[in-house]
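Each structure below appears as C-alpha cells.
Shared chain: chain A. Partners: chain B in the first complex, chain C in the second.
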Partner chain A sequence: MKRWASAHRGLLIGLVVILALALFPFSGVEGWIVNIGIFTLMYAALGSAWNLIGGYTGYVSLGSVAFFGLGAYGLALTFQHVGVGDGLLPFALVPVIGIAVAIISLPLGFVAFRTRGLPFIIVTISLVIILQYLALNLTAVTGGAPGLQVPQAPFQPGTYEQYFYWAMLTVFAVTLLACAYVRGSRLGLMMFAVREDEDKARGLGVATSVPKFAAFAGSAAFSAMAGAVWAYYLSTVYPQFAFDGEFLAMGIILVAYLGGIGTLWGPFIGALILTPAQQYFAYSLGGSQLYLIAYAAVFVVVMLFLPRGVVTTFADRALRRSRRRKQAVEELATAELEPPVEASSHAVAR
Partner chain B sequence: MHLLIQAIILGVLTGGLYALMTSGLTLTFGTMRIINMAQGVFVVCGAYIAFTMFNYLHIDPFLSILVSTPLLFAVGVTLQTFLLKPIRHDAHRLSLLMTWAMAIGLEGILSLIFGTDFRGITTTYQNSSWTIAGYQFPVVRVLAFGLSVLILVGMYLLLARTKFGRAVRAVSQRESAAKLLGVNTDRTAALAFGIGAATAGAAGAMFGLVSSFDPASHYDLIGRLLAICVLGGLGSNAGAITGAVALALSESLVQAEFSPAWSSVPFYVLLVIVLVARPQGLFGVRTRGAI
Partner chain C sequence: MGALLEIEGLAKRFGGIVAVDGCSFSVETGSITGLIGPNGSGKTTVLNMLSGYLASDAGSILFDGKRIGRPDPTAMYRRGMSRTFQRARVLPEIDVLDNLLVAAPKRGLAVWGMSKANRATVDYAMTLLEDFRLIRLAEAKAGELSYGQQKLLEFATVLMGQPRLVLLDEPTAGVNHVMVDLMTERIRQFHAQGLTFLVIEHNMEFVMSLCNPIVVLDHGKQLFGGAPDEVQQNQLVLDAYLGD
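== the complex of A and B ==
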C-alpha cells in the first residue's frame, strides 16, 4: 500500500484536490461564491486545455476561445434543433460537443500549422476574429448580435449554481487527467520535443504532426466542453462573449503564465489567484474603465514580477534547496572519508 | 463598371492609411522580434488627440499630426523602457501579454477621459471631393493617402540612409552581433518602438477623419493590422503595403458590389489561401525556426 501510494502520489493529490473542490458547495457558501467558483474552474479548465498546445507543444495559441465559442454555440444550436430535454440531461451532450469541435478543429489546425512562432499566434487571433464575424453575420443560424437563447435549467434557486459547478469541475478534472496522462506518455514526450526544437525533433524521426494535431484537437475539445457548460449556465450565447478575444482569450493565457506554463497544476493555481481577483474587480469597479486599468495592471505585475509563474518559481526554489542540502551532505561525507549519501531527489516541475 | 473603378479608387486610398499603421508594427517586429498588440490603441490615441485639438482648440486634424506624432513617440519610448525592457530576457513569450496589457490599459484610460461613445471629427471639407473623369476623389482620403505615402517614404529613407536606420537593420539581422559591433541595442529598440507608436499617432489623426471611433476600436484595428502583416510576410515592408492595399481594396469592393456586412470575408479567405500556399506570406523569407 505504501509503495503504491508513493508511486501514485500525483494521482492521490489530484483526487484529494478534486474531492475537496467537489465538496466545496456543501460548506454552506452562498450562491454568488459558487458562481465565482464556476468561473474559476472554467478558467482552470481552459488554462489547462491551453497548456496542452501552448505549454507542452510550445505553440502559443489564441484559438482556445474560438473553440470555447464553438462549444457554446454547439450546445445552443443542439437545443434549438434537436431538443435534448432539460435538467441534467443536456450535460450528457457536453462530451459529444467536445468531440465534434475536436473534429472541426483539425482542418483549422491544418491552416494554422502552416506557420510557427509569432505568425501562428496571429493566425489563431484571425481565427477568433473570423468566427466572431461569422457568428455576427450568419444571422439565420446564429441569431446575429443578440445571439441564441438556451432554455434555463429547472433547478431550484438555492442550488441552481451547484449543478453547473460540478459540471465545470468534471470538465476541469477530465482536462487535468488528460494532461497528466499525456505528460507521462510517449505523446507528451513528442510534444516536449516539438517545443524544444521542432526541426531537430523531426530530424531525429519524431512525426511532429502527430503531437501538434493531438494537442490542438485535444485543447479544442476541452475548451469546447467548458464553453458548452458555460452556455447552459448563462442560458444565452452571443458573439461578443462567446468569441471574446479581448478578455477571455488573453485571460486564459494569463492564467497559465501566472501559474507556470507547461506545469500540470499551473493553470489551476493561476485561475485560483486570478479569477476571484478579476470577479472582485468587475464587481467593485463595474464593467467600467477602471476595471480595464486594474486588469491591465494585473497583467503588468504578473509579467514583471512572476514571469515564470508560481509553480515554476517555487519548484525551482525547492530544487535549489535540495541541491544545496545534497551538496552539504556530500561535503560532510567526503570529510569523513565515507561514500557519498544519496539525498532524496525532488520532482522537477517540468 | 463605374462603381467598380470607384471602389478600387477608394480601396487604394484607404490602403495607404492601413499601410502607415502597419509599418510601425513591422518596425517593432524587425527590431525586437515582438508583436505589438498596442499598435491599434496607439492609432486610437492619435484619433482622440486630433479630436480634442479640433473640438477645443479648432486646430485642423492634419495639423494635429504635429502634436500627436511626438506625443505618441514619447509614450512609446516610455512604455518600452518601463514595461518591455525589463522582460527582454524572455520577450518572445512575455511581450504578447505585456503589449496587450498596454492596449487594454490605454483603452481604459481613454474611456475614462473621453467616455465610451462613438466620436467623429467633422471638418468643413468632410464631405467635399474632387471629381476627375467622373470619379469621386474624397478630399480627406486623398490628403490622408498623400500624407501616409510621404511618411512611409520618410520611414524608408530613415531606415535606408541614416546611422539609426543602419543600427535598426543590424539589430533585426542579429542582435548579439550588432551589440558586439557597438550598436546600443537598448536605445535602438526604444527608438524603434517609439517611432512605431509615432506612425500610429500620425495615422490615428487621419483615421479619426475617415471613420468614427471609440476606445474599443483598437480591438478591431489590431486584428486587421496583424492579418495584414501575416499576409504580406511578417517583418517585410513591401508585404505590409501590399497586404494593406489588398485588405482595403477587397473591403471596398465587397461593400460596393455586395453588402457591408460581409466586407471582411474575402480578405480572410485570401489570408487562408496564402498561408496554405506560401506560409511565410507574400514577401516573407523562409528562415530556420521561423516558419
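== the complex of A and C ==
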C-alpha cells in the first residue's frame, strides 16, 4: 500500500541523514565547527521535542526550557551525590534522567492542562521562571547563582567535542524516531485531533488526556536528555542558562516555526539554518549586541518568504504538483455532487 | 420496542435566560425522530446536554434504560450515542480518511500501537467514504472540502463508532439539494440497518418526509409530539411558527 511505501522511504531518509551527521566529525573539521554542530543538534532535539507538544497537540508550551534545565541540574546533582564515573559512563545516565524528568512532568502537566490556549503559554513560562528562582535560591541543593560544577570529561583536546556531538546526535535521533512513530500511530492521530478541535475529538470518543500527557511527558523527557548532555559538555550549570526563559526558550520555538510546525523534519531544518547563523554572528559581531539583531534578521527574512515554515511550504508545493495530475478526476467527483443549484427551499418560514 | 432515549424534565438556564425549561420526550428504538421548533426554542441546547457538552441544571437522561448521571462527550460516544454539529466540525488539517480513523473506538493498550488503525477499521472507513461519495477525496485535507462535503464527512465520521443513536443537528443547513438527497439516502440506509436517529432540522420538506414521530419544541419545552401530518395540522405548532 502507498502509505507503507512512504513510511519505508521516510525511514530510509532518516537513516541516511543520521548516518551522514554521525560521520560529520570525521570530515576533518575543526573543534569549533563540531561545537556549532553540537548546538545545532541540541536545538534540533529541543525543537523536535517542543514539536511533540506544541506542533502535534497544538498546546504551545514555553516550558521546554524548564525540563531542559531539570535535565541539566539532574546530571550535575547526580555527579555530586552519586559516583557516576567519568569519560563515557555519564552518558548512560542521560536516558535515566529523561525518564525521571518525564515522571516529574506529569503532575506539572496536570496543573498546566487545566488551561489551554494563551493561559497555557503563561502557565508554562511561569514554570520556567519558578524553577529559575528555585535554582537561584535553594542554595543548599543547587549552589545558588554560582551554579554547580560538573567534572570535566577526560577526553583529548582534539576529539573532545566529538563525544558530545555524538551524544547530542543520539538524543536528536531518539527524539526524531519518537516523533516518526507518533506521526504514524494512533497516538499521533489523537494528538492531531486535539490540535484541530479538542472538543470535537472528545465527542468522537478520543480520551484526550492520553495524547496530551504523552506529548507533554515525552517532550519533557527529550528536552531533559538534551539538557543533561549540555551540562556535561559545558561542565557547569548556572540558573540563568539552564532555565533561560528568553534566549533559549525563544530559540527552541523559532527553529520549530522556521522549519515548519507539526512537520517531522521542520525543527531540524530550522536548527540547521538558525543555529549556525546565530553562532556565526556571535563570533563575528560578538562584542556588541548586534549579533542578536542579525540573528533575528535571518528569522524575519525566512518568515517573509516562507511564512508557514520551510518544510511546510515545500511539502505543500510538492503536494499541489502531484494533485494537479489527479485534478481532472477530482473535479469530476465534485461536479457530480455539486451542480450549480441554489440551496433547497424551506417549506416553513423561520 | 421501547425507548432508546428518555429525557425527563431537562432544564438549562443561561443567566436570566431559560433556554430549556423542563423538557421531556423520548426517542423510540429504531425511529427517526424529528426535533423541530422556532429559532431559540432550545433544540441545540438539548442536544448539547444529551451529548455531554453542556451540564444540565435539572432533569434526567436515560439512554438504553440506564440513567446517565453526568454525561461526558467521550463516554457518550462510547456508549453508542454520537452527534454532528449545526456548523460542520471536521478536523481541517488532517486528511479525510484520518478524520474517520480518529473516531474508531480504541482503548487501552491499542492506543500505543504502531499503526493508526487495523485493516478492518480502514476497510470500514473506506466503505463509508464510498457510501458518502468522498472516496476520491480520502487523501485530501478535510478543510479543503466544500461545506456540504464536510457535513457528509462529519456524518460519516460519527458512524465509525458503530453507534446506536445518532443526533444530527441540522444536517441539511447550507447543503445543496443533491447532497441533501444523498444525506437522506444514507439516513434511510443506516436506519434500515437498525440505527436510531434524532434529527434537528428547519427544512420541513426534509423533516416531514423522513421523520416520524416529530417533537416540536417551543420556549424550551415540548409543545407537541406526533406523526408528521398531525404536526402539520396542529394549531399550537402553527401558532408557534407563524405567530398568532
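Remarks
Keep in mind that, in the parts below, the second predicted complex is superposed on the first by the 306 of 350 C-alpha atoms of A that agree within 3 Å, B and C clash if a C-alpha of one lies under 4 Å from a C-alpha of the other, contacts with A are read in each partner's own complex, and residues count from 1 in each chain.
Throughout what follows, a residue touches a chain if its C-beta (ideal position, glycine included) is under 8 Å from a C-beta of that chain, and two chains touch if they have at least 3 such contacts.
From a predicted model like this one, the values you see are computed outputs, not experimental measurements.
Applying the stated contact rule after C-alpha superposition, one finds that A:N137 touches chain B and leaves chain C untouched.
When both complexes are overlaid on chain A, the residue A:L187 reaches chain C alone and has no touch with chain B. In the overlay built on the shared chain, the residue A:I129 is in contact with chain B alone; chain C does not reach it. In the superposed model, A:A207 lies in contact with chain C only, and not with chain B.
In the superposition on chain A, contact is made by A:D199 with both chain B and chain C. Chain A uses residues 197, 199 to touch chain B in one structure and chain C in the other.
Chain contact summary for the complex, chain C toward chain A: residues 38-39, 51-53, 72-74, 76-78, 82-83, 85, 89-94, 98, 101-103, 105-107, 110-117, 133, 136-137, 140, 146, 148-149, 157-158, 160-161, 172, 174-180, 182, 202-206, 208, 241-242.
For chain A in complex with chain B, the touching residues are 60, 110-111, 114-119, 121-123, 125-126, 129-130, 133, 137, 197-199, 245-246, 250, 253-254, 257, 261, 288-293, 295-297, 299-300, 302-304, 307. Put simply, chain B touches chain A in their complex at residues 29, 33-35, 83, 86-87, 90, 93-94, 96-98, 100-102, 104-105, 107-109, 111-112, 116, 216, 219, 223, 226-227, 229-230, 234, 261-262, 264-265, 268, 271-272, 275-276, 279-281, 288-291. In the complex of the two chains, the chain A residues touching chain C come out as 181, 184-190, 192-193, 195-197, 199-208, 210, 262, 329-330, 333-334, 336-339, 341-350.
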